[in-house]
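Listed below are the structures to be examined.
Below, chain A partners chain B and then partners chain C, in two separate complexes.
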Partner chain A sequence: MYNPTVARLTYRALLGRRRAALLFLLPGMLLVIAATIRLLNGADDQVAADVLGGFALATMVPLIGVIAGTGAIGPEIDDGSIVYLLSKPVKRPTIILTKLTVAVAVTMVFSAVPTLLAGFILNGNGQQVAVAYTVAALVASIAYSALFLLLGTVSRHAVVIGLVYALVWEALFGSLIAGARTLSVQQWALALAEKVTGEGLISSEVGLTTAVVLLAAVTVAATWFAGHKLRTLTLAGEE
Partner chain B sequence: MSTHNPQAAPATDTTRIHNIGYRSYDGPRLGRAYARRSLFSQSLRGAYGLGRSAKSKVLPMLLYAVMCVPALILVAVAVVGKQSKLSIEYTEYAIYLQMVIGIYLASQAPQSVSRDLRFRTVPLYFSRPIERVDYVLAKYGAMASALFILTASPLLILWIGALLAKMDFWDQTAMFGQGLVSVALLSLLFGGIGLVMAALTPRRGFGVAAVIAVLVISYGAVSTLMGIAYATENTDVIPWLGLFSPITLVDGVQTAFLGAPSAFPDGAGPGSGAGVVYLLVVLALIAGSYGVLMRRYRKVGL
Partner chain C sequence: MSVLSIDHVSRWFGNVVAVNDVTMSVGPGVTGLLGPNGAGKSTLINMMGGFLDPSTGGVTLDGETIWRNESVYRKIGVVPEREAMYDFLTGREFVLANAELQGLGGAEAQRALATVEMEYAQDRKIATYSKGMRQRVKMASALVHEPSVLLLDEPFNGMDPRQRMQLMDLLRRMGAEGRTVLFSSHILEEVEQLASHIEVIVAGRHAASGDFRRIRRLMTDRPHRYLVRSSDDRALAAALIADPSTAGIEVDHGEGGLRVQAVDFGRFTELLPRVARERGIRLLTVSPSDESLESVFSYLVAA
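Showing the complex of A and B:
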């Protein structure tokens, strides 16, 4: 279910040249902000939780998820070179699983690692804040990658749709309508973070069990459907 | 090319090009200005999906509707409730809906320039009587105009609604004018940034991500830092932090010069002194994006 050649090609597509610059820019920004705040303000658990929650988990993880998830398959479908991959004797679900593995790995490396570092810079992992948000970033990476990989196979406007979900649905509707928060990867990941750090600093709208079940369900369903979609893919020209 | 020139051919040479009767074009040539205008109008129409497939009309039209609906609701409330002033300032409107503007820019800027780069059609444009400066100006102008239409339409709705609700004509018109100046500045700034990011990559999807990343990340970082500075009572630095993201730049300029309420924490927008710096940075960014685009297209696609 894992094809090293497909994985190697996907890594190169994701990390080649300028693409990687954008992936480095976001974590770099987070670390700079963390260092600035630590210098201006000193260590504070609540500030650390706010920055990690507001910037790292709410903005950085979804954006990297969009770039890695759709970038793993979108450009290939877009320019039609996916046919060379599809014409090889490799199962379509294998292709999807391999690309998902790569996307998850890239998202984790570029989001969870900087989150952990930023957490240590901000308050030296006081009250397990850094670890909690790292766990949240790790699980969110899996779900986001699966979701956005699916989008990449479904639509040509995958990046825009992914951004609308990440920025408008989770950020805007999430803050206005309480119900939208139940259906948000970010809140599911926060439920796990809440479990790690205990009550107080981090709060999530959903219970732990619900969160885990929904995370697993979304990941599996998205991956299965992406595999199915790839089996019946029709290539369309540029409009 | 196909005309035969008897003087130049040596008398002994038996080869000749037969003139098989194609007539060369001797009608009026529409020239450079016409080509530039066409490129401008095509790009502007394309930014709203006109002249493209039905599928590509969906997103820009949807975003346009999302942009206008809140204005309609505000106007309806004002007219029915017989309010004496609108519940939102003209200048605040674009700041509230910045995410919609950002998504519109991210989806349309790459379609305007990335596809020309990817399919290597840029040399075809330059085989017409247009120069590099015409191409850049037409694309930049079209993107800024498209953004201006997007941001000015809701203001127009608000203004008409305000007049329908019998608010003071001159008051409203003055504020409407201030709003228009602010969104014009915003359109130029955002259009430039979006096109520069999009022109750097031939991949449309990647262009979308790059544009939105620049807008959202800079705003996210700036507003986080502002929040922290406010919470720790370092209020002096708040006006200067706004220099680092496009939307807070526009907010700062209109707070300083256009009588707009500041969206900064505690309303701590820049005064006139810092406002000059804001305006200079905005103008430098606009000129800078024009310069980068000119540089980008110096050796493109050849």
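Showing the complex of A and C:
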């Protein structure tokens, strides 16, 4: 279910492209913001939670998820080089699961690790805020990677659609329309963060059980569908 | 020894029929898939390579369905037409990755690179390769597992004459070893030089099949049209029409010459200069007016 060669190719494709610069830029911004706030304001649990919730989980994690998830497969399908993977006796679900693993790993490293660091910079993990948001970033990494990997297999405009989802749906509608919040990876991840810190600092729109079930369901369904799409992917000729 | 069978296969994209009820079987040796651009060659090769499902009909390798059956790739090597490869890898890394995906390793990758004579540039990034070098590395990636079937889509595009010769030698060798080698081309000379067997595809239909001599004869025996300008068009016309090798002549005022339709190519090419010399007529222009491959092919379809 995991092919090291496919993984190696995917890592190099993800980290070797110009887009990879964004993977370093966003976490860098988070750390700079955290350090600046700590220097100017001192440690404050509520501010720490606001920064990690407002920037790290609401913006950075989905954006990194878009880059890693769509980038793990989209460009290969677009330019046709996926033919070198498909013309091998390797099961299609293995290709998808390997690419998902790589996308999840990259998203976690570039979003959860900086979240944890930023949390410690902001308030030294007071009231478990840093750990809570790190847990949220970790689970959100899995769901976002699966969703955006699927997007990469079904659409040539995966990045744009991914950005619209991440920024418009999660950030904008999520704060305006109550219903949208229930269908939001961010809120599901927050439910776990809430569990870690206890009442008060972090609140989610959905209960813990619902959140876990939805996270698992979305991840599994998206991955299955991506595998199915890849099995029936047709590479039309130039003509 | 492997045989690819295409059985009453059609493929359409929306309203466009790309391949129309084609039946053929491709066995050991080198087979050329010949046809003008847009005839459906790539669509056919993509179906044989398992990258496209036939709308109707079946494509099988030794009786096994190819579509959605990744185990066939142990026997098939594919050289796609598209340029895109993993440009950020070196040639060696790329071929090694292909070997690993076949369950093989460095030794096989190295041997494949040696076969296509790319060892000298194997440690350069693919992004820096010329078109011919890319083509050879693609070949190496398709050869690592010594497949019994090799599918190549327009493999000679963009190659210089020397590279073309090298690749032809290699494919001939593979055919002689008993592998089933199928390549597509829109250039008759390429196919004629290399393939012992030719399948002709025109406008999605299977137009002709056989050895190149038969196809060549079909192509030469078709009516030829010429535009002829001379010092005395009408006298020349009268002399030509007297011979059975000429089927029709029209005086074309717009062009200022004769439009001649010849039915017996060999005889007409001897007749024209002889008649002109005997009557003291100077030939100013003799140009074939329908030598385009498309017109040759459309004749074949009608035949």
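What we mean here is this: the second predicted complex is superposed on the first by the 233 of 239 C-alpha atoms of A that agree within 3 Å, B and C clash if a C-alpha of one lies under 4 Å from a C-alpha of the other, contacts with A are read in each partner's own complex, and residues count from 1 in each chain.
Definition applied: a residue touches a chain if its C-beta (ideal position, glycine included) is under 8 Å from a C-beta of that chain, and two chains touch if they have at least 3 such contacts.
None of these values were measured; they are calculated from a predicted model.
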Based on the shared chain A superposition, would you classify chain B and chain C as clashing or fitting together?
fit
In the superposed arrangement, which partner chain does A:Ala7 touch: chain B (first), chain C (second), both, or neither?
neither
Could you tell me if A:Val131 is touching chain B, chain C, both of them or neither one (first, second, both, neither)?
neither
Rounded in steps of 10, the angle in degrees at the Cα centre of chain A between chain B and chain C is 70
After lining up the shared chain so the two structures overlap, which partner does A:Gly71 touch, if you call chain B first and chain C second: first, second, both or neither?
first
Should A:Thr36 be classified as contacting the first partner (chain B), the second (chain C), both, or neither?
first
Taking the superposition on A as described, I'd like to know which of chain B and chain C A:Leu22 touches: first, second, both or neither.
first
For A:Val113, using the defined touch cut-off, is the partner it touches chain B, chain C, both, or neither? Pick first, second, both or neither.
neither
Considering only C-alpha atoms, give the closest distance between chain B and chain C in the superposition, rounded to the nearest Å.
8
Just which bits of chain A does chain B share with chain C as contact spots?
79, 238-239
Provide the residue numbers of chain B that touch chain A in the complex, in ascending order.
52-53, 55-56, 59, 99, 103, 106-107, 115, 118-119, 200-201, 203-206, 208-210, 212-213, 216-217, 220-221, 224-225, 227-229, 231-232, 234
Interfacial residue positions of chain A with respect to chain C in the complex
3-6, 8-9, 12-13, 16-17, 79-81, 83-92, 231-239
In the complex of these two chains, what residues of chain A are touching chain B?
18-19, 22, 25-26, 29, 33, 36-37, 40-41, 47, 50-51, 54-55, 59-60, 63, 66-67, 70-71, 74-75, 78-79, 157-160, 163-164, 167-168, 171-172, 238-239
Per the touch rule, the chain C residues reaching chain A in their complex are 13, 18, 37-43, 45-46, 49-53, 68, 70-71, 73-74, 76-78, 80-82, 84-86, 88-89, 97-98, 100-103, 141-142, 153
